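Letters A, B, C, D, E and F name the chains as they come in the text, with residue numbers starting at 1 for each one.
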Amino acid sequence: MGRVARADGRSDEALRDVRITRGYQDWPAGSVLVEFGRTRVLCAASVQEGVPRWRTGSGLGWVTAEYAMLPSATNTRGPRESVKGKIGGRTHEISRLVGRSLRSCIDMSALGENTITLDCDVIQADGGTRTAAITGAYVALADSVTWLRAAKRLADPKPLSCAVSAVSVGVVDGKVRLDLPYEEDSRAEVDMNVVATDHGTFVEVQGTGEGATFPRSTLDKMLDMALAGSTRLCELQAEVLAEPYPGKLPGSAA
Amino acid sequence: MGRVARADGRSDEALRDVRITRGYQDWPAGSVLVEFGRTRVLCAASVQEGVPRWRTGSGLGWVTAEYAMLPSATNTRGPRESVKGKIGGRTHEISRLVGRSLRSCIDMSALGENTITLDCDVIQADGGTRTAAITGAYVALADSVTWLRAAKRLADPKPLSCAVSAVSVGVVDGKVRLDLPYEEDSRAEVDMNVVATDHGTFVEVQGTGEGATFPRSTLDKMLDMALAGSTRLCELQAEVLAEPYPGKLPGSAA
Amino acid sequence: MGRVARADGRSDEALRDVRITRGYQDWPAGSVLVEFGRTRVLCAASVQEGVPRWRTGSGLGWVTAEYAMLPSATNTRGPRESVKGKIGGRTHEISRLVGRSLRSCIDMSALGENTITLDCDVIQADGGTRTAAITGAYVALADSVTWLRAAKRLADPKPLSCAVSAVSVGVVDGKVRLDLPYEEDSRAEVDMNVVATDHGTFVEVQGTGEGATFPRSTLDKMLDMALAGSTRLCELQAEVLAEPYPGKLPGSAA
Amino acid sequence: MGRVARADGRSDEALRDVRITRGYQDWPAGSVLVEFGRTRVLCAASVQEGVPRWRTGSGLGWVTAEYAMLPSATNTRGPRESVKGKIGGRTHEISRLVGRSLRSCIDMSALGENTITLDCDVIQADGGTRTAAITGAYVALADSVTWLRAAKRLADPKPLSCAVSAVSVGVVDGKVRLDLPYEEDSRAEVDMNVVATDHGTFVEVQGTGEGATFPRSTLDKMLDMALAGSTRLCELQAEVLAEPYPGKLPGSAA
Amino acid sequence: MGRVARADGRSDEALRDVRITRGYQDWPAGSVLVEFGRTRVLCAASVQEGVPRWRTGSGLGWVTAEYAMLPSATNTRGPRESVKGKIGGRTHEISRLVGRSLRSCIDMSALGENTITLDCDVIQADGGTRTAAITGAYVALADSVTWLRAAKRLADPKPLSCAVSAVSVGVVDGKVRLDLPYEEDSRAEVDMNVVATDHGTFVEVQGTGEGATFPRSTLDKMLDMALAGSTRLCELQAEVLAEPYPGKLPGSAA
Amino acid sequence: MGRVARADGRSDEALRDVRITRGYQDWPAGSVLVEFGRTRVLCAASVQEGVPRWRTGSGLGWVTAEYAMLPSATNTRGPRESVKGKIGGRTHEISRLVGRSLRSCIDMSALGENTITLDCDVIQADGGTRTAAITGAYVALADSVTWLRAAKRLADPKPLSCAVSAVSVGVVDGKVRLDLPYEEDSRAEVDMNVVATDHGTFVEVQGTGEGATFPRSTLDKMLDMALAGSTRLCELQAEVLAEPYPGKLPGSAA
């Protein structure tokens, strides 16, 4: 009985090949290249002493994120936002989503008055850049926390309360499918991004009908599939983080 | 048995008092003042011949939205974005949400090459400004469509396929509650905005854990309550739209 | 002998219907909706402790104003200045005029180191928006001074030295006319805005020939008519301010 | 009997030394250095074929102005507006005033579809820069009209209907005084700029009480003095324009 | 006999390890990762039909470049220029240098009315980012020309007249040294960047005394060393370009 | 045998007529009008107590420069950068070059915590504006140092270690020529700017092939000619600086 397979041969509920490379750059405390199929995002976690002025003296840390796309990352070259002189609405929105998502897994009083900036720069885009960014940024964040711990700059040694990953899910050709590449994403009737923890709880749910509206039953099916995908991503994060910190930690022997 | 009532005496699943006033301004084809309790948003639908360049010649119309807040709308005066010289991320994000939501209920080929701009200006903010804006913008959009029909400028006389309304829902003090005022919103553990149609389907679902994550069971309960709230709002929209157009239509006798 | 009446039946020296509504918004210390015919401007006076840096430690207060127009306020929708990323010359000019005018009636040392920001947002424009703004802003300023007095934050209890109002006057169809609506303003040969006090003195006089120049005799006639109009507006301000403060004052019983 | 003389020994109703130098730069069609005492403004009139888009095809010309101050022109160095990335309110306001004033003396249909841009750059500021700018810009405009006539690009050979000049007047030390230098301007109680024609009519009148308000009698005295000053400036303009065009005109022998 | 060795053990006239990886991204016609030691720059050449408006109809092509640095590329995280809303002077300057350098090796009439944009994004910075960018951009440009040739979109099949590479040279610790890493660059007394061709001619020479000035003899020595370095870089470019195009060319069998 | 003379009759190695006028403006501590033929640049040196924040407390002074062009300075009127809202790449680049060049001749610890801002505003452009700007800025800088010395605000009375001047040199019509006017500059095959000291050493060398590349022998010839030109310019600087300070110094008798 005829079922329309996905272009890359995956089943509807399968993730693309996911690769997470730690220690991609030398300077930031955490630097991770994350790949969801052809989508590649460089996630760097930079540590800075102190917090923004409105938070100074609170004893609390801060985590913020900036998402951007290289002009050469997309099928057709995109204009550079620094040249246009302003950040577009989409960039703003994703930067805010990434920051909010990562703040949900860290205890700010344990972090102490340190700021961690998560730069998520898309090297190559093929759908799901924001979910890859969140998934990779968690690993970079974890590495930067390890670095701060070694530098004895944390107020409490265990600020991370859970792991966070994200995945897209959508309705394409009338089917609910996981982890959409650009070719599916661009014609999806419903498009949803789900951020979840390794405890199986939600951090953020954003679903949009693109020209179509969707019933509760479809929403339920999408949520099921996304949670399963996120669980798998959190396993992959745990696997790579089981390896030692990919560089020299403060205070370690040369 | 002791239950913590809401500050305004409402039950958890009740909307605030909702008032929708059509014909608030004289010039735009649709102009609606919508009030959700103390939250007041002025929604204007302005009609312009032609569409943006990238759509010209397609035979399709366009609907776009701009959301903004008066500096005096908030408890503490906010800076004016025109003076700062750029639009903040939150403003961008809500403008995009309003535009997307309203585009979901209109058939662009029936609209023909006309552009409708929905300006949602918050006169007074007390939580739920984006959901009030969407709910009011639908009524302004409907009035502007009536105006275009009278002006014989529609490609097809019935471009609207459904009604759209929106409501917030959240977890406050451990309880799921509908239509949060600022006092509840600012301390909600989970915050969700749901845009839905009068057919009971979803247009957009955006839920965020604020410092907390949330299980599937809570999400389900929030979705139930939001759908019921949206259904009630669509009834109110239908009631006010049953009245005649609040001004002079093109082609009507003086 | 045939005299060309004005479109709204007024005599040349008459004001339009003027309405001043105090307490229009809940949060600012002063909030006034002022209407000159169809022109409607929301004037809010927000109070902030302290003064700009260049004035800190002087013991003097500060009053500043920002004027803006809603995109939907005009006959044809105007672009939003926050979206354009800069404020136009006209907006700048009127903001400066409103600020300067209101500073002329307040004793800065009596105000003490408080800042009052006057936001004048045009809800609907039909000529004379800047003069309506000044006239309404004075009432909002007076309410915010009452609020500061109740809060015991003034250095001296009577900082206001006079009342200020403004009105336009112009030459249309060869006749000098008061308080021009858009239809007259757009074809006036000479256009003048006069800001005056309830003592009958001038604060600001701005007259411009639009394509025409004008003799001293015409200027004199315009000044006479404007002073009479301003006197009438100051009477209306005094009438509405004779009513109690439209909200709860600091320190008053609940 | 004790009269407080002005710092430079002038009588209250006297102008400062005024010098007008034509042909100051080689490229623009008109280039004039105007000096009111120590105030020096370079006024250039550049000619461009065609008019702004909104005027194209109307057969009408356009005159516009841009006023700016060199950072080194003021007693204390001012920041450069190009570096700040935006034009201040004062610059905007004066640019608009200069443009409006010069448009009052030229017949746009006689000019034909040409644009003349008047750049008024203040080389040294000592009060009255805007009035010097208008006075010098008229001479530059006249030269650029001569150039256009020689190039046979005017629709009608006599587009200028009158001459335009401007002067400041104010109340200083309780006295009405003409053409205020910075030292007087900065402590004037009332400050007025008057733009007038060589026919003795007004183009623009802008008077402002600085911390003080002023009665009708003072306003009358200021207007008298300003008209007399403007008449004298128009005589000086006529004298310098009686000399031949200070360069090579199109079509003239080498 | 005491000679102070360089921190990485190189001789004064040696390049760092140079690696050039073609086909780094999938979408652009040319995409090259170039590494000079720890400095890593991603150079993408994107092809677009047509040329900027001012060149349209000339039959000539256009090559332009944009240089930027990832915030995470530097030792201490740098601010994002898109967030600041403007491009800094250094970025501007290098973008212009890269564009100018690459335009020197291509015949614009042979290119035909195509635009090639060279995006040089620094992934990791350790001195010499602009010279690495130019060296890598040439290889990306060559690949994009191969792509255009396969697509039969060139006016003439051989638009490249020479190869271009660049290298830094400076005076550090009193010695002339080639290809400075950040540690040397930041304390160099003289700093020079030389762009040269594989024919041994110069494209651009930029030398700056940093707090010091330098005699002709030092300049001569720097020029000698830089030319030798550039010759070696052009050989490396030729080696990697001897390999086939790293992707699918238009018109080639699947 | 026929040699093509330069349009202005100069020999290839001759400078244009150079005029340096000190004391051009009244307010800045140094103010110099420099002319290279028709190129005229106003160079002002403004003194400010204190240094930028990043340098405060170091005991070191600071010298910075801003270069700009009047819209009316060029053959065809250029747009005003303050109106465009951003500074172009060329302006940025030249401002940085001027600042760097002048910093090379001053000892920052002798200057003490003072800031000198060099504003170089081009009044008329005919090629070589940046080299004229540097040459004139040195004289303005020297005057501002004299002023600071008289005001007893220097840490050491002799902060200037050498004089600095600049000149352009290029290949035009196959010949190496000095000090190019616009007509030659715009068609030069190679264009070089050389900044040098009165000791015959280099401060900055910037050479660019415009569409052509150039051999070492041409570079050598250009460097020879530029050094000779710079030597002559330094002599002219010394001549004008031999005259007394053109104004009233602090502390001098009235």
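Details
We adopt the following convention: contacts are C-beta pairs under 8 Å (C-beta built on N, C-alpha and C of every residue); 3 or more make two chains touch, one makes a residue touch a chain.
Here's who's who by UniProt: A, B, C, D, E, F = Ribonuclease PH.
This structure is a prediction, so every number in the text was calculated from the model and none was measured.
Overlaying subunit B on subunit D by C-alpha atoms takes a rotation of 120 degrees, rounded in steps of 5. One inter-chain figure worth recording: subunit E and subunit F are separated by 30 Å, centre to centre, where each centre is the mean of the chain's CA atoms.
Inter-chain spacing, taken between the CA centroids of subunit A and subunit C, is 51 Å. Looking at subunit F, residues 85-86 sit in touch with two or more other chains. Circular chain order, beginning with subunit B and continuing to subunit C, reads B, C, D, F, E, A (contacts as defined at the top). Of all the residues in subunit D, the ones that touch subunit C in their complex are 86, 88-90, 92-93, 95-96, 100, 103-104, 162, 192, 196-197, 199-209, 211-216, 219, 223, 227.
Across the complex, subunit C meets subunit B through its residues 25-28, 31, 38, 42, 44, 46, 48, 66, 68, 70-77, 80-87, 91, 117, 119, 121, 123-124.
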